[in-house]
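In order of appearance the chains are A, B, C, D, E and F, and numbering begins at 1 in each one.
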Amino acid sequence: EFVARPVGVCSMLRLPVQTSAEGLDAAFVGVPLDTGTSNRPGARFGPQQIRAESVMVRRYNVSTGAAPFDSLLVADVGDVNVNLYNLPNSCRRIYESYQKIVASGCVPLTLGGDHTVTYPILQAVAEKHGPVGLVHVDAHTDTSDMALGEKIYHGTPFRRCVDEGLLDCSRVVQIGIRGSSYAPDPYKYCWDQGFRVVPAEECWMKSLVPLMEEVRQQMGDGPVYISFDIDGLDPAYAPGTGTPEIAGLTPMQALEIIRGCKGLNIVGCDLVEVAPIYDVSGNTALLGANLLFEMLCVLPG
Amino acid sequence: EFVARPVGVCSMLRLPVQTSAEGLDAAFVGVPLDTGTSNRPGARFGPQQIRAESVMVRRYNVSTGAAPFDSLLVADVGDVNVNLYNLPNSCRRIYESYQKIVASGCVPLTLGGDHTVTYPILQAVAEKHGPVGLVHVDAHTDTSDMALGEKIYHGTPFRRCVDEGLLDCSRVVQIGIRGSSYAPDPYKYCWDQGFRVVPAEECWMKSLVPLMEEVRQQMGDGPVYISFDIDGLDPAYAPGTGTPEIAGLTPMQALEIIRGCKGLNIVGCDLVEVAPIYDVSGNTALLGANLLFEMLCVLPG
Amino acid sequence: EFVARPVGVCSMLRLPVQTSAEGLDAAFVGVPLDTGTSNRPGARFGPQQIRAESVMVRRYNVSTGAAPFDSLLVADVGDVNVNLYNLPNSCRRIYESYQKIVASGCVPLTLGGDHTVTYPILQAVAEKHGPVGLVHVDAHTDTSDMALGEKIYHGTPFRRCVDEGLLDCSRVVQIGIRGSSYAPDPYKYCWDQGFRVVPAEECWMKSLVPLMEEVRQQMGDGPVYISFDIDGLDPAYAPGTGTPEIAGLTPMQALEIIRGCKGLNIVGCDLVEVAPIYDVSGNTALLGANLLFEMLCVLPG
Amino acid sequence: EFVARPVGVCSMLRLPVQTSAEGLDAAFVGVPLDTGTSNRPGARFGPQQIRAESVMVRRYNVSTGAAPFDSLLVADVGDVNVNLYNLPNSCRRIYESYQKIVASGCVPLTLGGDHTVTYPILQAVAEKHGPVGLVHVDAHTDTSDMALGEKIYHGTPFRRCVDEGLLDCSRVVQIGIRGSSYAPDPYKYCWDQGFRVVPAEECWMKSLVPLMEEVRQQMGDGPVYISFDIDGLDPAYAPGTGTPEIAGLTPMQALEIIRGCKGLNIVGCDLVEVAPIYDVSGNTALLGANLLFEMLCVLPG
Amino acid sequence: EFVARPVGVCSMLRLPVQTSAEGLDAAFVGVPLDTGTSNRPGARFGPQQIRAESVMVRRYNVSTGAAPFDSLLVADVGDVNVNLYNLPNSCRRIYESYQKIVASGCVPLTLGGDHTVTYPILQAVAEKHGPVGLVHVDAHTDTSDMALGEKIYHGTPFRRCVDEGLLDCSRVVQIGIRGSSYAPDPYKYCWDQGFRVVPAEECWMKSLVPLMEEVRQQMGDGPVYISFDIDGLDPAYAPGTGTPEIAGLTPMQALEIIRGCKGLNIVGCDLVEVAPIYDVSGNTALLGANLLFEMLCVLPG
Amino acid sequence: EFVARPVGVCSMLRLPVQTSAEGLDAAFVGVPLDTGTSNRPGARFGPQQIRAESVMVRRYNVSTGAAPFDSLLVADVGDVNVNLYNLPNSCRRIYESYQKIVASGCVPLTLGGDHTVTYPILQAVAEKHGPVGLVHVDAHTDTSDMALGEKIYHGTPFRRCVDEGLLDCSRVVQIGIRGSSYAPDPYKYCWDQGFRVVPAEECWMKSLVPLMEEVRQQMGDGPVYISFDIDGLDPAYAPGTGTPEIAGLTPMQALEIIRGCKGLNIVGCDLVEVAPIYDVSGNTALLGANLLFEMLCVLPG
């Protein structure tokens, strides 16, 4: 029976809520952590708001023809019980939760939370699948080494991943990078690792379909993880985020990127940095919900 | 284990979500309907936001010593699947849902929704328990007869209840009534039925403990329903509502009213008219969540 | 004399307010109805806010050279007195109001209200002019058949118009359509009727001037109605709406569409689905006011 | 016929809009000026928003039994066309407009605008009626002499009125005064003129009915003007204002003050300093609309 | 010369900004930390917003006659450079900063930040002055032992202070406590230490002048610290905070409490938990600025 | 040492605050004036909010390679003490302040304030450098002659500059102009002076790199002033402004324009019309901060 949009105890895409990912092909997971944020906090309420706005998303992807629920068993497995007062402990909690989720082959689709969460997620994912290729959309490379002596916060996850060998560095692409920087050569670290960096300037007023063809070549058949920081998009489209940068990507380009991942061997995805209080319309969260649905639509199988 | 406040797929007070009220002593029910609203709509998102803010409410009521979860089996039974485009049909849907909820003796605690919803709820409650006494907190008597020929909207529920004999009229009290009126004698109908009307003016700067002693006398041992329209409170405390009136009650008085119902034979409760978009802080919904918890704390048993 | 922007009891474009459209070439009409909305309500305050923000719009259209007030007698004829508690009855009220407005040849320019209102408006317009061609800008086709048994809400107006023969189906174009769908073949109904559907994807990063040349061919000399749902635009430009979809049209494209209608035999226009509370800056309403002014600028005569 | 709240091109209390006050007993007038504001601007949109929210106010005053429309001919005469770039010129424009309004005995009820506007209004009122008694509710005495050499802004109106002999100084009362001050003896000027100053502290947690009995004695039979700065109320009740001060009056006390003026020879009233953008709920404007209605209810006749 | 309110690079009360507290009688200090928050974050922007709104506060306290700048040398010494990713490290940074501030007898007035910050501040204060008496206004006792194994967050500061002997426990009073609790006996710990707990219920609709007379007795001549959590006040007055509880104190009572500390040997003060994004009017921050000014007004000397 | 973003008494880009521009190569200056605004006020808080959001901007401009702090001595010299109640007097105050700033060759970068402020700034700048070339980005030409007899407000600055010979009219370009107009020939005045007008329509969906090559030709070696009205951008990107117009420029184009000025002899810059209250996310101010940083990056030297 038809259900009105405001009806229901909210879960992602109105999916059933269950505590285990056992037997699932894919699972939405919330990680309500934002204590790794350098500027405006609030992404801890990202999972809640993305779930709430996901009532607008329906079964079928008209543009691509995808019907993910016809071929995949999917559920919402709730939130990781993070420790808001201790980032390393939260990372351990996330890692352990994801170990269980990925154990039986389930693909996790994460509702962040700030970008710190991708580090422990990739620990679990790489433990299962080996070093992964990475399609990373963001205004920032998130490859700082530390701040005030801290190795873990939302500016460092991919540095930590490199340190631990979680990434197949020649299969990493970072798209949408921009903004001023603390150092004169901010991409040096990335290039040294073999990452491809695609600054936002190279994307302005362009279709990214050709770029994604190259990305598919780069990724090959190996396992791939998609990490999508909503601040990769311009703040006009995603005002509800903690560290916005001007002159970013558009939602059309976001769709081109995600849809361009079709055919890859995707083993995990996340959508991070939605901080709802900075966009009380709910539209940033709605955008996040749609992008997560699009990720579901390009999963293998 | 401790769970951080932002963690969890939101249900009322973090209670388990289940589809049936069978075997429960009390059940929270959402009715996300607001198409009976005369001014600002938005109460359809009341249940969602009240659930979200209810993470602040803990197990024990320090002030009263109540520990409702020690004696009552309680759950969140989700939302009624309302028909947003047809008020009478929504009323039928609500009525049928509540018939099932009250069938086995479960006490429904409703998260509204606009005040229209109390009418079909009382149809089901009175069918089970006979005509009920009513403790009604509101800025408005909600006893209009019709508007543009319509008999059902949020200005008429208690008129309809009288029409159908659902109320034990000598055991009705309306507290907090105020505001300008369409007619010169707005309380005449209420008085004619035998209702007690306590205008807000009589409550100003006063403890309502003495009033509630009289109310307990008035209610006696018969079944009692509590209907709490958040606009009974002053808009300073509850800005997120559709038809606010100035110079209303305070949250302290709201607590005095609800706590003053302890000992009554309460067969149902509702908290209606929270329209979250008009208070993006979430505080009106938080107030609603607390008042519903206080209602739970005065249930018999 | 110059009048400061905040000065004046607000009417659309500071036009005189009158109760009858008799003798007018064109009339702005408000239809403050939003009870046909499936997700976020609030469009009932669209007419009020569009009028308020219209103080920014001046006499002359610099880009097109249009000076509508030099050739057309225009006024604001106020709002239809809708019935918020009964959608079919509201439709009847709208229909009867518009019968009078169009009777003497006046072209109605509607300030919605949700998209439900276009159905009764087209009843009156088609009664006067015969089946009309339609330039429909929207994220949604609005051709659902029903929800929970209801035939009338903002997802169905153009299905109802087809049912009643109000549209010249070969002269219908729907521009900006996108978003996920309940069915795998959402455009089938439209194509079966002979509608042209232009998905948003076909519009991305493109001028719509060539499209509009084709549309003018399609429309020919017959009567044409323009129905503009503000959610046809991307939520970045129009956050204040009830059912936003990501990756939509731009205001530049909106201008290209409306200006591209110059020369057509336009018999009515509407701008619907502005829900101001979701954009407290007023900018969504300002956009609506400008688009309505642009519609006025392409009226014949 | 019943008219739904969102319906109508907004005028104060849905009254007819007319350009002249000729023949009226009382007239609502907007003065959308805020360039006399020292802190947060925005009161220029006060008249617009107060009119919009006034749809909640109905014909009859239940609490007092007043039925002003039964005995008084009232209309909305629109806004004064202020000069936003020149305060003295705006004052002249206001003065000249009010000369016409009061000429035939009509009582003006002003929708401000910042408090600067009371000065030219009182020029016109005193010209007609002679020096007036003043019931002034405010957090501030508004009796500064100047700032940066300027004699006219919202901190000086009552000093200017004294300078010009517009006030009957022994019949002036200022209620709700509070907040820190630039000088150690901020009330000296007021006391030197013979004003009565009632600081907010003297009002805390008290009924003001006894105070108003004294005020009625003080005012006697002479002409009285009521000037109500919304910041006299606590910011909890009136957040939408430009220079809020903590620990203010309550709406109940506001009602006691205005209702306590019943029987006085009231020749004019204003409600100023509503700056709507600081309270997007609309509730500050709603409060202003109610207080203006209460003023109407105590007019003689 | 007069300075307009919007003018100036914001410092607290427009005081000079300096890096050292050397030679000062009192110093305002910002501690922009909020990673100890259990629910809504954002208090990291408390210092910024309190400074911005402090432009409304003037030199003289009219109500009490205090003229603090006549007798005290005061400055704004900026913010502690907190470590947002490591709470214990932030605590050490705060402690070390305050050691320097209090070294030469300067009284720190802290702009929080969440309540975690009071713990390291009291380490420095007690090191200088010995165990202190405490006037603690709050909805919460903040005496939890831990959450998820963490000993440091905004629910535990006063437990940690007791553990380390920083408080003279018989000279501790906690005012405004309320809300539901995780345990049935939430005040047991406080009572066991000898604290006085004054629940909000005991304050409702009452002047707190008599209470403060008792508090002054309790505090005697020893050093006293005032810790004011803005959530001690009702959310109507202070909506911009992270863990609001209904039915709290009023600003009048807040003034009675602080003014009632006049004559005590105050060695430090803080105003914590202002989270500005939840009150975009700025009024919660304005309230905080006023309360800090009132604290300055009761300092000895 | 690393400083967390929320830390610090806010100055532009965390630069030192000093009262004199003596010895500086460039200086940020705030002009918190908005009483020249025709529609929504609030730009008086532009300087405060731009400073607050500037914490996101770092030392190096990655895209252009600029490292302005390596070659230029820059500081924040605070705000001009404007007279909010007298526009001509404010203009004199601004003029006199800028005379001192530019005296020793310092380049002022202004944080507005409304566009009125550019007129007195250019008086000082032209007095120092002679008539200047102008790169003016705006939705409006700001060349009106007067309103209600007033010669000075935000619609007239460039007319006044022409009147006084402050502009080298053949070296003036206005980019982004759009919107309806009061007159049928709104660009006539500009063309008559020899200005180049580039309407927004000519910029739609295009890189402005070619345009800027022409602009550099036009500007030659003479002194150039950049005046950037944030409303030149589309309201999607800059909702926090007072007189928005639809279908404007993008931030990418803004960057192309400013970066395209590299090599010119820039003697002053401003960024005006940020009215923060209309964009509580802070993103409009963040955009302003970034554009000011980009201006700094193209200064000569």
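The rule is simple: a contact is a pair of C-beta atoms (placed from the backbone, for glycine too) under 8 Å apart; a residue touches a chain by one contact, two chains touch by 3 or more.
In this text the structure is predicted, and so the values were computed from the model without any measurement.
**Q** Hopping along touching chains only, can you work out the least number of steps from chain D to chain F?
**A** Minimum step count, chain D to chain F: 1.
**Q** Out of curiosity, which chains are bumping into both chain A and chain E?
**A** In this structure, the chains that contact chain E and also chain A are B, F.
**Q** Looking at CA centres, what chain is most distant from chain E?
**A** Following the centroid criterion, the farthest chain would be C.
**Q** Are the interface residues of chain D and chain E largely the same numbers on each copy, more than half shared, or largely different?
**A** Shared-number fraction below one half, so different.
**Q** When the C-alpha atoms of chain C and chain F are each averaged to a single point, how far apart are the two points in Å?
**A** Centres of chain C and chain F (C-alpha means) sit 37 Å apart.
**Q** With centres defined as the mean C-alpha position, give me the chain E-chain F separation in Å.
**A** Measuring from centre to centre gives 41 Å for this pair.
**Q** Which chain F residues touch at least two other chains?
**A** Touching at least two other chains: 1, 4, 6, 38, 40, 44-45, 81, 83-84, 147-148, 205, 234, 236, 277-278, 280.
**Q** Chains as vertices, touching pairs as edges: which of line, ring, star, complete or other describes this one?
**A** Topology of the interface graph: other, matching no listed pattern.
**Q** Touching pairs of chains, all of them, please.
**A** A-B, A-C, A-E, A-F, B-C, B-D, B-E, C-D, C-F, D-E, D-F, E-F
**Q** Please give the residue numbers of chain B that touch chain C in the complex, ascending.
**A** My answer: residues 34-38, 40-42, 44-45, 81, 83-87, 89, 147-150, 152-153, 277-278.
**Q** Spell out the part of chain D that touches chain C in their complex, as residue ranges.
**A** 1, 3-4, 6-11, 17, 30, 32, 44-45, 47-48, 51-52, 76, 78-84, 277, 280
**Q** Under the definition above, what is the set of chain D residues touching chain E in their complex?
**A** Counting only chain D, the residues touching chain E are 38-40, 147-148, 178-184, 186-187, 199, 201, 204-205, 234-236, 239-240, 243-247, 278-279.
**Q** Across the complex, what residues on chain C touch chain F?
**A** 1-2, 4-6, 55-63, 65, 67, 205-207, 234, 236-237, 250-252, 254-255, 280-283, 286-287, 290, 293
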